[in-house]
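Once you scroll down, you'll see the structures, which are given as structure tokens.
In the two complexes below, chain A is the common chain; its partner is chain B in one and chain C in the other.
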Partner chain A sequence: MTPAELLMWVRGPALQFATVVFVVGVAVRILEILLLGRKPDLAEARGSEVIGGLRTIISRSIPDRGTLQRSSFNVVAGYIFHAGFFLALFFFAPHILLLHDVFGVYWPSLPTQFIDALTVVSIITLLAVLFHRITHKVMRFLSRPSDYVAWLLTILPLITGYLAFHRVGLAPPLLMALHIGSVELLMIVFPFTKLMHAFTLFLGRYYNGAIAGRRGVNA
Partner chain B sequence: MSASLEQGIHAFKEQIDAPVATFFSSCVRCGLCAQACLFYTETGNPEYTPIHKLEPLRRVWKQEYTFWGRYAKAFGLSKPVTDAELGDWEKYVYDSCTMCGRCSMVCPVGNDIAYMIRRMREGMAAAGHAPEGLVGATRRAITIGSPMGVKLPALQAQIRNAEQESGLKIPVDVQGADYMVLLSSMEIMNFPEFISAIARIFERANVSWTISSEAFEATNSGIQIGVSELAAELVQRVVDAAEKLQVKNVISPECGHAYFAIRWEGPNLVGKAFNFKVVHILELLDDLRKQGRLKVSSKETQKLTYHDPCQITRRGGVAEQPRNLLNMVAENFVEMPEHGTMNWCCGAGGGVSTNERADELRLKAFKRKQAQLNAVQPDALVSACSNCRIQLEEGLEENSMDIPVLSLTETIAAHLSDD
Partner chain C sequence: MTKDQTIGEALRARGVSRRGFLKFCAATASLMALPPAMVPKIAAALEKARRPSVIWLSFQECTGCTESLTRSHSPTIEDLIFNSISLDYHHTLQAASGTAAEEDRKTAMKENYGKYLLVVDGSIPVGNPGFSTIAGVSNMDMLLETAAGAAAIIAVGTCAAFGGIPYADPNPTKARSVTAFLKEYGNRLPNTFTVDETGQTDPVDVTNKPVINVSGCPPIPVVISGVLAHFLTFGKLPELDSLGRPMAFYGKSIHDRCYRRPFYDKGLFANSFDDEGAKKGWCLYKLGCKGPTTYNACATTKWNEGTSFPIQSGHPCLGCSEPDFWDGGGFYKALSTPTGDITRTAVYAIGAGAAAGVALGALNRSKRAHMRKTHSKVGIDDLEKGDKS
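Coming up: the complex of A and B.
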């Protein structure tokens, strides 16, 4: 298989497969959760569940002062690599073109040089995150093999994307095939790992905020 | 597999609902919950990381309620939860968790960890893995009516004392009163001044109230240990007494978990909404203040700070009322760092104080409160939970700190205006 053929395969059948696994997998996981249901609460409400739930979806993005002081690395590094990954995925001009082909909508892109710098910052941050996971006693204690797999699958698209953009080392079609392939791996593994939090965190924050909101507490 | 392990796993399965499944799906093992937990901060032991305390429940969720996990279980790829493991987990689920819910406030993906610990205890108890101290307290609550074994004659003796002290008649079993007061055994035995304090306040504010001789215990050991059937039986006694006396409201006293039990879990345990309201004593006092029925003629001049009982503030939603009351009765009220809904637990709630095995750990956990107190250096510490109060007094004494612990209700009663 030539690099060009590989690229064709990665862009064609492999992408279709990854998309099906991702979409069906995420849908099944969400359904599995929702079908478990939740008993109605009979205690007289002091506040609104809906308002509390929606509030916490947003407010939980901002840490309390104590957490920020005690775990500043987690908070700052967490913000950087999440923002970097998200912006590179959705605001890099070639990605927008690709997504336009699928969804038919356009949105403005961020300057390529900005995305480029952000990618480098995100890669460095993720390396630091790995170092922190290995060295911090709580994180090392909690970590399972799947946490390291999730880390690897998150950093790979950033690294391969950077290499493909700068055409470093290998033939451009091969670099592009590796980049798309790394994203497909991420999509395939996504529904089976903690990467699901990208969707379930909204539900989790809602439940947390709703439970507290009913009691008149801003969670 | 022993019968009790089977029952435990069955109870775990029953307890897993959509929020629990969401929370386990979302955890990224960031470890931020550790720094929110006083059992971790004061020991540095990563085993006390809140989310880790739920590990057996998480595995049951994964093996029973996820597509991938069911296959892994069928092919023997996942580790089943064992009886020995649940035995090991007692020290996490009971000894080192007060269900204070501070971790639930910081989790970036929104996991309500305290909600899950409460549910996990149902499975632990069903599997026969609850601490002896809690088993005994629950047994006494069911058979005698009080986790501390306090019987009606003991209450009657304290009522007579309160009547002598206040010169007021303490109403017992008064039909049609507006408010029925519950008391914790801890109050009856250790802080009986609470009874004369409310008698004087209610006399001055013209509140119609009563104590029931059939259901006066406010606490609920069934919830602490995690046996809903027993918890429901304890709630039902209060419901029956309130309905018999046809009261409009039931007052939860200065006890955090008792408030959470009757206010937020009560109707769900008995399976129907109450036909009376449940109010915390601080809610009522603040209402009376707003209506101009509660006035003070003097103020505390010493520097006071307030310890928020977790189940009243963070889990219960009564945060503003104690502050309104303190500002009324204190000239120099200062807040500790991280107060209100982010306050640190005293270290003894959720059944920890009833569990002798946790005594040493509980006093270690108190160090967090000590640090908070050192930051403001108060002359006295005010709170609204007799269980917190016992722990605070013990912790302060252990650490040679000369800070008296006051009840907010009693402090107000001491400054009541005559008109």
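Coming up: the complex of A and C.
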């Protein structure tokens, strides 16, 4: 298989397969959570579930002072690589083209140098995160093999994307194929690992906020 | 112009001045990315070099490569070079055909055995020898026979270099590039093999014959002349990339040398062929430009005496100098986009996921109901169970 053929394969059948696994997996997991439902609260409501739930989705994104002091590295590093990953994913022109192909909508892209710098910062941060996970006793104790797999699959698209953009080491079609392939790998394992938090964090925060909201307190 | 003339003599006979000749040598050195100190060496080597015999074989091709090379405007470097070689056989250009023309080829092979350059344009069909023949000889046999005595082979055009359009899916003729063909069939004896005519005494294994790929659909004329000049000057092939192409011309991508690159970096793109972005000359990536994965010299040497190249004319690069460019998922689809209908797949997947989710949800609820029903509280007897045992 030539690099060009590999590129065609990852842009064709492999992407179709990864999309099916990703979409079916995410849909099943979300529906399972929703359909399990919650025990009815028979007490009289003292506030709005909906407002409390929505407010908590946002408020939990802002770290409280105590958490920031206790786990400053986790909070700061987490923010940096999440923001870098998000911006590179949704605001790099070739990615927008891909998303336009799927959803039919365009939005402006960010300058490539900016995305490039973000990618480098995200890669460095993710390496620091791994170092922290390995060297921190509690973190290491809590880590499972699937956590390391999730880390690897998160950093791979960033590294391969950087190499593909700068065309370092290998033939450009091969680098591009490796980049797209690494994203497909991420899509395939996504619903079955902690990476699913990208969707479930909203459900979790909403539930917490709604429970508190019904009782008339802030979550 | 006799075959015994040196290139210097041939050029002087054509009225080319010493100054003009040195200018040509300087331009060649520059094109091949050689240091200026090499100019006198090139001049000295070309001055003394005998006009090389070149045999040109055209197989499954459209003659576009020959058209490109013969459309060079006089007096260009390529014109000088092409008039300085002894093109002993080129059945598209020569007036003679049939037995007489084939005799010419065999004579040239015999007289210059081991020294002539073999230029091939077009791919070689291996599905059936009868798919493409010249004077009753299949392309396969003619290549095996002629490659035997060649000093080197220059595969001109993407068809010869990588299979090109005949090789495109479903490849009905089972077309092969020169390199792929030699690798597969190079150790076979051609059906037309004759000891006397070529001076060969043993069958020749041409599997590892040096091949330079000068890809492009068509390739840039100056690349051919540059390769010839390098071969005449140094007596060896220029530095090649992983696909067997001269690094001097194929070392950088179109994207790297494109004058529209700053627009790509700034995120300024033409979204259609007639929008504001297109009128302002912004990047054509979104219109399917294959510049980022295409290696060629179009953006620097350009075409028609340096007038323009496709991107400058407002059209995305098709990637014609790369393998499988014809099957690259569409000329007007960006490299990052899927080749199939991913939206339809996603919609079907949502449907399937929803159905599976609801089914599993119902199963989970039923499980929970069953657990609740069969749940029994821990009593004092349960606590004493451990002691009794």
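Please note the rule applied: the second predicted complex is superposed on the first by the 219 of 219 C-alpha atoms of A that agree within 3 Å, B and C clash if a C-alpha of one lies under 4 Å from a C-alpha of the other, contacts with A are read in each partner's own complex, and residues count from 1 in each chain.
Rule of thumb we're sticking to: contacts are C-beta pairs under 8 Å (C-beta built on N, C-alpha and C of every residue); 3 or more make two chains touch, one makes a residue touch a chain.
Worth saying up front: this structure is predicted, and the values here are computed from it rather than measured.
Undergrad: Determine, for the superposed arrangement built on chain A, whether chain B and chain C clash or fit.
TA: fit
Undergrad: Just to be sure I read the superposition right, which of the two partners does A:34 touch: chain B = first, chain C = second, or both, or neither?
TA: Touch partners of A:34: chain B and chain C.
Undergrad: Is A:172 touching anything from chain B or chain C once the two structures are fitted on A? First, second, both or neither.
TA: second
Undergrad: For A:4, decide between first (touching chain B), second (touching chain C), both and neither.
TA: second
Undergrad: In the superposed arrangement, which partner chain does A:216 touch: chain B (first), chain C (second), both, or neither?
TA: first
Undergrad: Per the contact definition in the header, classify A:42: touching chain B only (first), chain C only (second), both, or neither.
TA: first
Undergrad: Please work out whether A:60 is in contact with chain B alone, chain C alone, both, or neither, and reply first, second, both or neither.
TA: A:60 sits against chain B, while chain C stays out of touch.
Undergrad: After superposition on the shared chain, which partner residues are touched by A:143: those of chain B (first), chain C (second), both, or neither?
TA: Only chain B is touched by A:143; chain C is not.
Undergrad: In the superposed arrangement, which partner chain does A:77 touch: chain B (first), chain C (second), both, or neither?
TA: Neither chain B nor chain C is touched by A:77.
Undergrad: Is A:207 contacted by the first partner chain B, the second partner chain C, both or neither?
TA: The first partner, chain B, only.
Undergrad: Once the two complexes are overlaid, how big is the angle at chain A between chain B and chain C (Cα centres, nearest 10°)?
TA: Spelled out: centre of chain A as vertex, angle of 170 degrees.
Undergrad: Once both structures are aligned on chain A, how many angstrom separate the closest C-alpha atoms of chain B and chain C?
TA: In this superposition, no C-alpha atom of chain B lies closer than 5 Å to one of chain C.
Undergrad: Need the overlap of the two footprints on chain A, from chain B and from chain C, as residue ranges.
TA: 28-29, 32, 34-37
Undergrad: Taking the touch rule as given, give the residues of chain C at its contact with chain A in the complex, in rising order.
TA: On the chain C side, the touching residues are 242-243, 253, 264-267, 269, 271, 285-286, 292-293, 322-325, 327-329, 334-340, 342-343, 345-346, 348-350, 352-354, 356-358, 360-362, 364-365, 368.
Undergrad: Would you tell me which residues of chain A are touching chain C in their complex?
TA: Its residues touching chain C are 2, 4-5, 7-8, 11-13, 15-16, 19-20, 22-32, 34-37, 93-95, 97-98, 101-104, 106, 108-113, 167, 171-173, 176, 180.
Undergrad: Spell out the part of chain A that touches chain B in their complex, as residue ranges.
TA: These residues of chain A touch chain B: 28-29, 32-39, 41-44, 46-47, 56-57, 60-61, 63-67, 70-71, 74, 78, 136-144, 147, 192, 194, 196-197, 200-201, 203-209, 211-212, 215-219.
Undergrad: In their complex, what parts of chain B are in touch with chain A?
TA: Those residues of chain B that touch chain A are 16-23, 25-32, 34-36, 40, 44, 46-47, 49, 51-52, 65-68, 104-112, 115, 263-268, 271-274, 277-278, 314-317, 319, 338, 341-342.
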